[in-house]
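Structure record follows, encoded as structure tokens.
Chains: A, B, C and D, in written order; residue numbering restarts at 1 for each.
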Amino acid sequence: MQTLNQALFIFFAVLAVVSAILLVTRRNIVHGAVFLITTLLSTAGIFLLLEAEFLFIVQVILYVGGIMVLFVFVIMLVNLDDSMRQVQFNRQWFVAGALALVLAAQFLFAIWAGRGALRLPAMAGEISPKNTEAVADALFSHYMLPFEIASILLLVAMIGAVVMAKRRVE
Amino acid sequence: MIPVDYYLFLSLALFTIGVIGVLTRRNVIIMLMSIELILNAVNINLMVFSRMWGSVDGQVFAIFIITDAAAEAAVGLGIILAFFHNRETVLADEMDIMKW
Amino acid sequence: MGHLIPPSILPYVLPVLYAVVIVAVLPLLAGYIVLMERKVMADMQARLGPMRVGPHGLLQPIADAVKLLLKEDIIPDKADKLMFWFAPLVSVTMALLAYSALAIGPAFQIADLNIGLLFILAISSLGIYGIVLGGWASNSHYSLLGALRSAAQLVSYETAAGLALISVLLLAGSLSMKDIVQAQSDQGVWFAFSVPFGFFIYLVGSIAETNRAPFDLPEAESELVAGYMTEYSGFRWSLYFLAEYANMIIVAGIATTLFLGGWLRPGARYHEHIPGTAIEWLDALPALLTLGVALYSLSLAPKQPVKIQKIVMLLVAALCLMVAGVLAGALFAPPAVLQGIHGAFWFMAKVFAYIYAFLWIRFTFPRYRFDQLMRLGWRFLIPLALVNVIGVGVAIVLRQQWAWGPIVSLIPTTLGTLGVAMLLAKDDAPVAEAQTADGE
Amino acid sequence: MNTPFFLEHIWLIPLFPLLTAALMLFYGRKLANNVVSYMCAGSVFVSFIFSVGAFFELIARPEGERFFTKMLFEWLPAVPYHMLDGRLAQFVAAWEFQLDPLSAVMILVVTGVGFLIHVYSTGYMAHEGGYYRFFGYLNLFMFAMLILVLANNFLMMFVGWEGVGTCSYLLIGFYFHRKSASDAGKKAFIVNRVGDAGFLLGIFLASAVLGTVRFSDIAPALRAGHFQTGDPWLTAIALLLFVGAAGKSAQIPLYVWLPDAMEGPTPVSALIHAATMVTAGVYMVTRTNAIYQLAPKAMGVVALVGAITALFAATIGVVQNDIKKVLAYSTVSQLGYMFLACGVGAFTAGIFHLMTHAFFKGLLFLAAGSVIHALSGEQDMRKMGALAKRIPVTYWTMLIATLAIAGIFPFAGFVSKDLILGKAYEKDVLLWAIGYFTAGMTAFYMFRLIFMTFHGTSRVDHEVEHHIHESPKSMLAPLVILAGLSIVGGLVSWPEILGGNSHFVHFLEPVVGMAHEGRFEPLKGPSSRMGEINLMLLSEGLVVLGILFAWYLYIKRTELPAKIAKSLNGFYELVYHKYYVDELYDALFVNRAKDLGLALGWFDANVINGVGVDGAGWLTRFVSRASMWWDTWIVDGSVKLGARIVWVLSFPVRLIQDGLVQSYMLFIVIGLIGFLGYYFYLAHHAVH
């Protein structure tokens, strides 16, 4: 079952990375959206492997079922045939890519330096299926204030989106 | 048993790809999607560390991050729609009037 | 999550079996729901409906399936091939995947996730991509409009439906389908009766989610030829078709589980059932019903014009007889088996009743205009659902602090929600277009 | 004591005309003609009623105290100043009305005749443009005239004085599109300015000498000042005032404006230039008689000027052919009579003649207007004749008026004129002779007018001939009324010797008597009753002679006048051209004034404008150029330099800020890399 776990991890990881690369490189935005969805789903799978089912569900429902629907929606609202025919990368692409890789190298160095220091506790065969309750407890007791702030943030975002998406009244 | 490093490498890869996408793509929508990618990398890190310490705080923060992502997507897409209605373009390097 | 990763391969056997059964049966089921739909429609319109293929058109679904499979598979020239190929798969896959958490009977469940309900919601909410991508991929304005409409519609009504479900979750205190049914059994009341408004909201929301009339704007024949399915034909089209009916069954299943007491027999007390001794007469009802059907079809057999139809009719009679036998035999089996078999029967009965309600509504109500649809969703259902959830919270407090009965505690909630519903229904202001939040 | 109503509200009398005038001048354009006429005539009629009321309330009082003043409000605050003899005095001018027999008579005449002429105008002006304007001016004139006669001090009187002047200017130039009319208006105004200058000087001097401008204070001031008869200051004041009077009342040498004033509409000529305004001078002299009586020389001048004017104007009137011109010159000569009366100390007689003259001269003008109306605008007597049958009412009324002015017994003119002549005879025979001869000439030229207009053969043009018509009732009614007044007007002061008792004169006595108890020697009555009778008979005889002469020349032997004119050609020309006085004035004053104006204009254009204004402008331009240069190059330069420097320095920063979100992100990444590198460096050192 270790093998199964690892197989799943490798499957999800490879799927996520590959589709992420495709997202960044593809010309067609709809395809890009689909690849992002794929990445998100495989990330959800990773969550599942990490025994965070609630986050898995949240990821799927909110991210894939909500945010990405919004994305696809907007993509279909803004007509993209012409933007597909244009150059996809801006002038600074080379510098940017190089610097991003430098950043990645730095992180890589950091992780490499600390390799082996971190390890997951061994997983009991049957851990309590109470993940959702645990998250709920933490969220509504210890993280009450941030939760409220997040709700206010959502409200503000909703109003802002409505205002901006509204047809301009000339 | 999968070492934590693997997860970190994975999230690092996603993060880097996201950064590259944000920095290089001209299409604003794809930039936003790359930002989602970066957020996902962060979420993976939070997951793995919360699993490592056996506490759900990381997951709570991940929830907040997802909330934030939702808000950001809503507002960002709203802006994009408004901009598209006015300027008929979604290319980032054509949105350059906000300077001196 | 231990269930997904058991220590040995053994526990996978039963779920795989169930899965295979579902995947095999579901298309047939969908086909016969179509037949049922046509028959019901004909009945409501004082017609006979399909009568030619098989006795009383009983073989019509098979004929349709064959026809669809033999049809030429057309892919438009300007279409996005990959997506065009991919979209229907998404739809049908998600539809089928949702079944994995559905508890048809106490034992009859692929995987009893502790987040089963959320899982089902999540998966079925993914089904929309099939529609949107398909509509976009076929590169036709009708399709795109249909896709956009269904996307907006889904996003709008998922909220209301989700809130309606939350009211049930509060009562049940669990996300697992099994536990929810168990909770209803423990509280001795179906949640449809304790939170009627939740049930009502979910009914409307589920109709909208499955793009059924009167909310079938994404495929409104009179406006967009066939909505997102305009460019599809043959096998892919049948996949969409299958997905739609599968979704119907899913929402019906969810409603059944959450509101109609799942596999519970009306007035059942399985946990206090002593095998062999106290057989409540209702337990005999399933067997008698099927027996009656068997006898009826037997009596119809001679009237059939063609020999082959006579034979088919006799076969149907035999099938029903067999089922009746099984149901009757279960009465004398140990409780687990009894619960399993009868539970499945009751579950299916409730699901079909729910679907019958769908058909009934479809043939009764005229189609909504899009802004009316959005107004209903955003300005009536969602506020109502919110009020309902809050009320349920109050009810739970009452129940815990002052030990009110499970039904009594919910009466004020229901009344309050009713009042709010009156108020909301009264204001008939025109839709603020921002609330539709889309390009319509 | 509670004053009776009309006296208490005496200040309303001028107010009514003022209100209607304001209404007309501001809103008249929107009003219908009949509304205008009713309102204006009505307001004047109301004033007339008030005047009558006030008059009788005044008479009701006992002999001694027939004097009433009504102070409305303090106009100019009291200002202390030093009089000529060093005493300190307060200069006070209040808006104060006074009513004594004199002003009572005046307001009666003004409002009464004014009302009649208003009525007449409604008919005469019916077809003229600017109806409301005409009546607005007329009412404004009524207001000013009433202020003039009701004033109790020089300043208030001066207001009315200038007011009537303005109105006469406006009304003479009523047909302003006719150049002759506007010129006549200007002429009247300017000539009046000369007189007004004298008047003002007189006022100043009076206030300096007497320490007051209040009429009712003059006599006490005189008594207090112990002035000797013939005091030079008083003489100066009297002469200066007389200059003003001469200007307003058209005496030599300032009479020239009156004949031209006939350019105005005939009712205006009747009201302003015959009945009321031109008599303002006489009124003023009478009002200030206290001063005159202490200045015999000034009185002599007044008498002389009056007599000469009378004769002079009469001679011109003889040869004029324009019917209104004849009447104008007769007006001048009649005014001369009045001043003669004042000059010989017979102020009451002067006022009496003023009143009767207002009647019959107004009547004459109105009748003449009726004639002109009938002949559709024809004014030349040579184109008239034989109108007696055609327009009988006009004819008879005009005949009555002529008899009155000629002084035929017993018409009004006879009484007043013989009163004057009698007084003149006692004063100085020469003056009497001039007046006497003038009376004859008056009779002659007036009947010449009558005969040429109404008798003999018709010389009217043909197209005019066949629509000769009698004037409307609104015009005839005033004629008849005035004719009646002309007949009975004399009875109010019927001489004793003819069995009358000169009420009017006695009524006015207090006004002229006031100042002089003690030092004033009242005029002796005629030496004997016979003397007076003889004088009357003499004048009657001369008058009849003049009439017969006129009949002989213009009815019997119509060719003679031309012959006579030929025989004494030069003299006739001289007289016909009014002694070339206008030309003389032009040569002496007008053109000189023009030259002065030109010279000043040249000075203004070249010196002031050229050197002063243009020079200043040039200087300003120069300075502004300089400062502009300074601004552009030094001030702006420094500012721009600073801006330029900032611009240059900020260049690299601006390169960084290109408004592209992605490049900003790039810098974020760079910063991130920097920080990470720094932390790794720290960590590395922490390790070792």
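Quick note on the criterion: a contact is a pair of C-beta atoms (placed from the backbone, for glycine too) under 8 Å apart; a residue touches a chain by one contact, two chains touch by 3 or more.
Here the structure is a predicted model, which is why all the values come from computation and not from measurement.
J.: Please give the intersection of the contact partners of chain A with those of chain B.
T.: D
J.: Report which of A-C and B-D is connected by more C-beta pairs in contact.
T.: A-C
J.: So which chain ends up in the middle if you average the CA atoms?
T.: Nearest to the common C-alpha centre lies chain B.
J.: Could you state the distance in Å from the CA-based centre of chain A to that of chain C?
T.: 31
J.: For chain C and chain D, let me know how many angstrom lie between their CA-based centres, rounded off.
T.: That pair's centroid distance is 113 Å.
J.: Between chain B and chain D, what is the separation of their C-alpha centroids in Å?
T.: 100
J.: In angstrom, rounded to a whole number, how far apart do the mean CA points of chain B and chain C lie?
T.: It comes to 36 Å between the two C-alpha centres.
J.: Give the residues of chain C that touch two or more other chains, as numbers and ranges in rising order.
T.: none
J.: Could you tell me which residues belong to chain A and also touch two or more other chains?
T.: Answer for chain A, listing residues that touch two or more other chains: 5, 51, 54, 66, 70, 77, 90, 92, 96, 99-100, 103, 107, 131, 161-163, 165, 167.
J.: Give the residues of chain D that touch two or more other chains, as numbers and ranges in rising order.
T.: Those would be 660, 662, 666, 669.
J.: Please list each pair of chains that are touching.
T.: A-B, A-C, A-D, B-D
J.: Give the list of chain A residues in touch with chain D in this complex.
T.: Touch residues, chain A against chain D: 90, 92, 95-96, 99-100, 102-103, 106-107, 109-110.
J.: So in the complex, which bits of chain A are touching chain B?
T.: It is residues 2, 5-6, 9, 13, 16-17, 20-21, 23-24, 29, 32-33, 36, 39-40, 43, 46-47, 49-52, 54-55, 58-59, 62-63, 66-67, 70-71, 74-75, 77-78, 80, 83, 86-93, 96-97, 99-101, 103-104, 107-108, 111, 115-116, 118-122, 131, 134-135, 138-139, 142-143, 146, 150, 153-154, 156-158, 160-165, 167-168 of chain A that touch chain B.
J.: Can you name the residues of chain B that touch chain A in the complex?
T.: Against chain A, chain B makes touches at 1-10, 12-21, 23-27, 29-30, 32-34, 36-37, 40, 43-44, 47-48, 50-52, 54, 56-57, 59-60, 62-64, 66-75, 77-82, 84-86, 89-93.
J.: Which of the residues in chain A come into contact with chain C in the complex?
T.: Where chain A meets chain C, its residues are 1, 4-5, 28, 30-31, 34, 37, 48, 51, 53-54, 57, 60-61, 64-66, 69-70, 72-73, 76-77, 125-127, 129-132, 161-163, 165-167.
J.: For the complex, give me every residue of chain D touching chain B.
T.: 654, 657-662, 665-666, 669
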